[in-house]
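We call the chains A, B, C and D, going by the order they appear; numbering starts again at 1 in every chain.
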C-alpha cells in the first residue's frame, strides 16, 4: 500500500532542465543565504552538491528590514553566480526584487525566487508571468493559503505555468522560533492545487537545531523538497547565520532523508553532475553512499 | 493644562502645499476606494470637500488578492484624477504599485501612497526616496512597528524626508473585523518617531458601522488625521463597498470630529477651497456649520 | 446632534449599589494590580477616590505565568480588602480563580473578576452564574469576540444577568506592546450585545506611557469605563509595575476625561463618598475640581 | 547512524502501567472526542485496540464554546468508561475541567487531560500536582512555549512529576485549518525539557484529510506519540465529527506509522492486550500484521 495514494498523486510535474519537481522525487535546494564571494559560494556549492543537493540557492539581491544592513552583492554577484552554476552544473535559484531585474538576473538564474515580502507584489508577479522561467513563490509570513494560491494565479494567469510554491513559516505570537512553520499548509496545498511545494525550515524556525527535525517532518507531510540555508562558516555569514546548517549538518540531514524517504514510497531526486573530471568522482561517491534510494528512477544521475 | 504635552509635541510638521500635517491640526483624506468614472469621482470629491475633507483619496492602480478582480482604471484614470483635483483644489493621494509608475502617476497625484502589501517592497521605497513628493506609508498588516519605522527609513534614508505613516490594522485571529486596528501603535509611533501618523479605519475594520467610533478613537489616541473610504453608492462600488461610509455618514462624522477635537486641544485642519464660483459658497457653508473649531489657526481656509 | 445615537443606546444599565454602569456615564475602576499590604492598598485607594475613581480594584488571588512568582496575599488579604472597602465606601472588584473561593472571597468583594486566562474556565463561569454578584468578564487574549460573548452567556444562562465585559488586549505578533488593544471589539460588542464594556489599557499595552492615550481612545470608542492599574510606587510593585500609572498620572488622566467626555455627550460617573469626616471634604474637593461634567445626572454624589 | 542522537535522547521515560512513554517507542492514544454511549465507546475502543492503539481517549466532561452545546455525559459516563477500560485493558485519558472532579473522575481514568482552554487554570494544575496520577497537559492555542513549560512546572512543582505535554495547534490568522500545528514546538520542547510530548493533529487541523500527513510529520519531528480522534460514524458524532478519523482511516494510518517509524530508528509502542479470550486472538492479529516494527523491545505485548 502506497502513501497518500489519493491525496498526493505526484502527477503534477515540472521540469527544471533534467530535474523533475513534484513527481514523487524529493529535491533539495541548498546554499548560502547570500552570495558573499566567489570562494564562499563555490565552496558551499560543491559541498552541498557532494552531499546530494539537486539545486543551488544563493541570494544576490537581498530584502532586509533595515536599509543599513547588507543588501547583497547586487550586479557584482552575477559573474560569480554564473561561474559557480557553470562549474557545478546545478540549477540556481535566486531572489528577484524588482521587475526591472528580469533581463539581467534572468541570464544567470534558472529559477526566480519571489521572497515572502514580495508575495503580494502583484506587478512583479504579473511581469514574471510573461516570462517562461520557473518561479519559486514563497508564502508571505502573513498570507492565508488562499492568498498564496491567488498570488500563484497572478503568475500562471499571465502565461507562465512553471510555479513552485514554498512554505517558509507564518508570523504568530510564538517567540522562540522566528516564524511558525505551517506544515498543514503543505498537505493542504498538495491536495487542493497543481503546484509543487517546497519547505524552507531555515527561515521558518530561525534556529539551526530545529532545521533537521523540520526537514524530516516536511518530507513526511508530503512536501516535494526543501530550500535550505547552508554555510561553511555560519558564525561569520553576512546574513542569517544563526539558522544556516553547517556542511556537516547538511550531510547528516541528507543521510537521514536517504533513509526516511523510501519508507514514504519516495526517493531523493538526483541533481545534475558537475562537468569534467569532477563528474566521475562525484558519481562514484554518491553511489557508494547509497544516498539515493532504490525506489527512485533507474538512472539516478543525469546532467 | 493641555493634552499629551510631553508625549505628542505636534512639532513635526510636514507641508502638502498649504496644508499642514502633524502640527496639531487634524486632517481628513476621504474619497472612494477606486476611481471608477469621472462622474463618480467628482461627485464624491465635491461632497467630501463640502463636508470638510482636506485631502482627496482615490485608487488608480489597485492591489487585489485575485487577478480576475477589478484592478483599477490604470492610466485611463489619470485624466479623471487630474480634472477632479483641478476642480476641487484638494491634494490627491493615490497608491503606487510599481517604481516604473513614478513619472506618470507622479504628474497627477500629490502624495504617493504605499499600500500595506507593498510596505516591504524596498525597491519601490528606495525609488520613492529619490523623489521629493510626499509618501504615505501604510503599515503592512503583518508588520511590527519596528519594521514599519524601518521601512520609513528606506524612504528617508534615500533622501525624501516627507513620509507620513498610516496605521490600517494588523492581521490577527479575530474574524468579525477585517483586521485589528492597533491604536496603541499610533501613540507609540507619535512618541518614538518624527513622522505624522494617519489612521485608516475603513480597511482596519472592514465594517461600515465600526468606522465612526474608530475615527473618534483615533483622534483621541493622538493621530494626525484619517484616511477614509467614502462612496456615494457603496452597494455598487467596484471595490470595498462594505466598508465605505456614505456621504451622509461622512458628514455626521465630521460633525462629531468638530466637537471632539477641541476637547483634545486640537482642531480640524481646513483644506484648500475650490477655485472659481464654488469658492465663496463653500467658505460660507463651512463657516456656518462651525465645523472648524476656534482653537485652530486664525485664518481657517487658504488655497 | 448626539453621539452614536443609534449604535450605542446606553440603555443597558446595571447597578453596583448606587453606581450605574452602562447608562451613559463613564466609570473608572482603579487600584493596584495586587493588594500588597494595608498601608499600600489604603493609600492608593484614597488617592484614586480623591481623583474621582468610582470603583476600586485590587488583586488577592493572582494568576502568574510562573509558579515561583508572587501569587497574591490570598486569604490573608481578605481583612485588608474589607477594611479599605469599608473606609472608602467604594465597591471592590477582585479576581476569582477557583469556584471554591466563591463563599469566602464573595464576602469581601462587590464584583468577581474573571481574568483573561480564566475566560474559558466554564466550570467557574457556570458557578458564578448561580450567584447574583456582578461578574467582570475579561476577554481572553486569544478569544474571538464570538467566544467572549459565548462565555458571558455561560454566566447569564446559569441565572446571573449581571455581567460586565472587559477588553484587555489580544495576543498578536507585535512586541513593543504586551498585547494589542482591540477597540473595534468594544464598538462591536456595544452594538451587538447588552453587556456594558470596560477597557483595561494597563494589561493591553503593558507600557505606562501608552495607558493615557488608550484611555481616551477607549472613551471615544464608546466604552462604558476603564479598569486601571494605579500604584503609589510602581517601581517597587510586586506585580506589573511597569504598566501601572502613578497617582499623579491618574489625576492627569481624570482631568483629561473630565474634558473629553462632555464632547462625547457623556460624563464621569461619580462614585460613592467615604463615610465619616472624609465625606464632606472630598465632596468639596471634587466639586471644586469640576471633574464631573454638567451633562451628567443632577445629584453627582451618592453613597 | 541513529536519528537525533544528541537532540532527542529519549531517556526521559514515564510509565503508564506497563506502557512506557518517551523512551523511543511511539504511543498512540485514540478514541472518540466524547463518550456518547456504551455501544459507541466500546466499538471504537476495540477497533482502535485491534489497529494497534496503546491508549484510549474519550471525553466525559467537555469544554464547549457555547453553553447550549453537548457538554459530555458527565458523571453518567463514569460507569461506561470503567467498563470499556476494564474490557480492553487500555489506559484511559480523559479531560478534567474542575479540581472538584479529582476524586471521582480519578477513579475511572489513568491520565488526567488538561484541555487547551484550561492550560492557564493554575488552581487546577496545582491541585493535580498534589495527585500522583499522570497529567496530559495540552498547550493552550494561545500559549507561548515558555508559558506551556511554565504551566507544566505548576504540576511538577507541586509534587507530581508525571507530566506529558501535548501540542494541539495554535491560533493564527489562517482559516482553512482550525489551528496551526506547531511541530517546531515539539522539537524545541524535546530539546529543552524532560517532558514527553504528544501531538494532537485532530484539533490542530480540524480537517480529517490533513490528520494523516500531520501524524507522519509529527513522528518525523520527534514526537513521542499521538492523541487522535477516531469515530465509527463521524458524521453523527456529537462533537468534532469533521476532524475524526474513521476506523478505516485509523488502520491505514497505523500501517503507515509501522513503516515510517523504523526509518526513524523508532517503533510503535505496543499497548496492553485485552483480558480473556480476546487476548490470544488480538496478539495473533497484530503479529500477523507486523504492525510493530522489529527494532522495538523484544517482548512486544505486555499487560
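Everything below uses one rule, namely that a residue touches a chain if its C-beta (ideal position, glycine included) is under 8 Å from a C-beta of that chain, and two chains touch if they have at least 3 such contacts.
On a predicted model such as this, the values are computed, not experimentally measured, just so you know.
J.: Thinking of C-D, which of A-D, A-B or B-C forms a repeat of its interface, with over half the contact pairs identical?
T.: Repeated interface of C-D: A-B.
J.: How many degrees of rotation map chain A onto its copy chain D on CA atoms, rounded to the nearest 5?
T.: In degrees, rounded to 5: 180.
J.: Answer with same or different: of all residue numbers used at the interface between chain A and chain B, are over half used by both copies?
T.: same
J.: Calculate how many whole Å lie between the centre of chain A and the centre of chain D, each centre taken as the average of the chain's C-alpha atoms.
T.: 35
J.: Once you find the CA centre of chain B and the CA centre of chain D, what distance in Å lies between them?
T.: From the centre of chain B to the centre of chain D is 53 Å.
J.: Just the number, please: Cα centre separation of chain A and chain B in whole Å.
T.: Each chain reduced to its C-alpha mean, chain A and chain B end up 41 Å apart.
J.: Going through chain B residue by residue, note those that touch at least 2 other chains and give them in order.
T.: 142, 146, 171-173, 175
J.: Can you tell me which positions in chain C touch chain B when the two form their complex?
T.: So the residues of chain C in touch with chain B come to 1, 3-4, 7-8, 142, 144-146, 170, 172-177, 180-188, 191, 204-205, 207, 209-210, 212-214, 216-222, 252, 255-256, 259-260, 262-264.
J.: Under the definition above, what is the set of chain B residues touching chain D in their complex?
T.: 171-173, 175
J.: State the interface residues of chain B toward chain A in the complex, per the touch definition above.
T.: Touch residues, chain B against chain A: 63-68, 97-100, 117-118, 120-123, 126, 140-142, 146-147, 150, 153-154, 157-158, 171.
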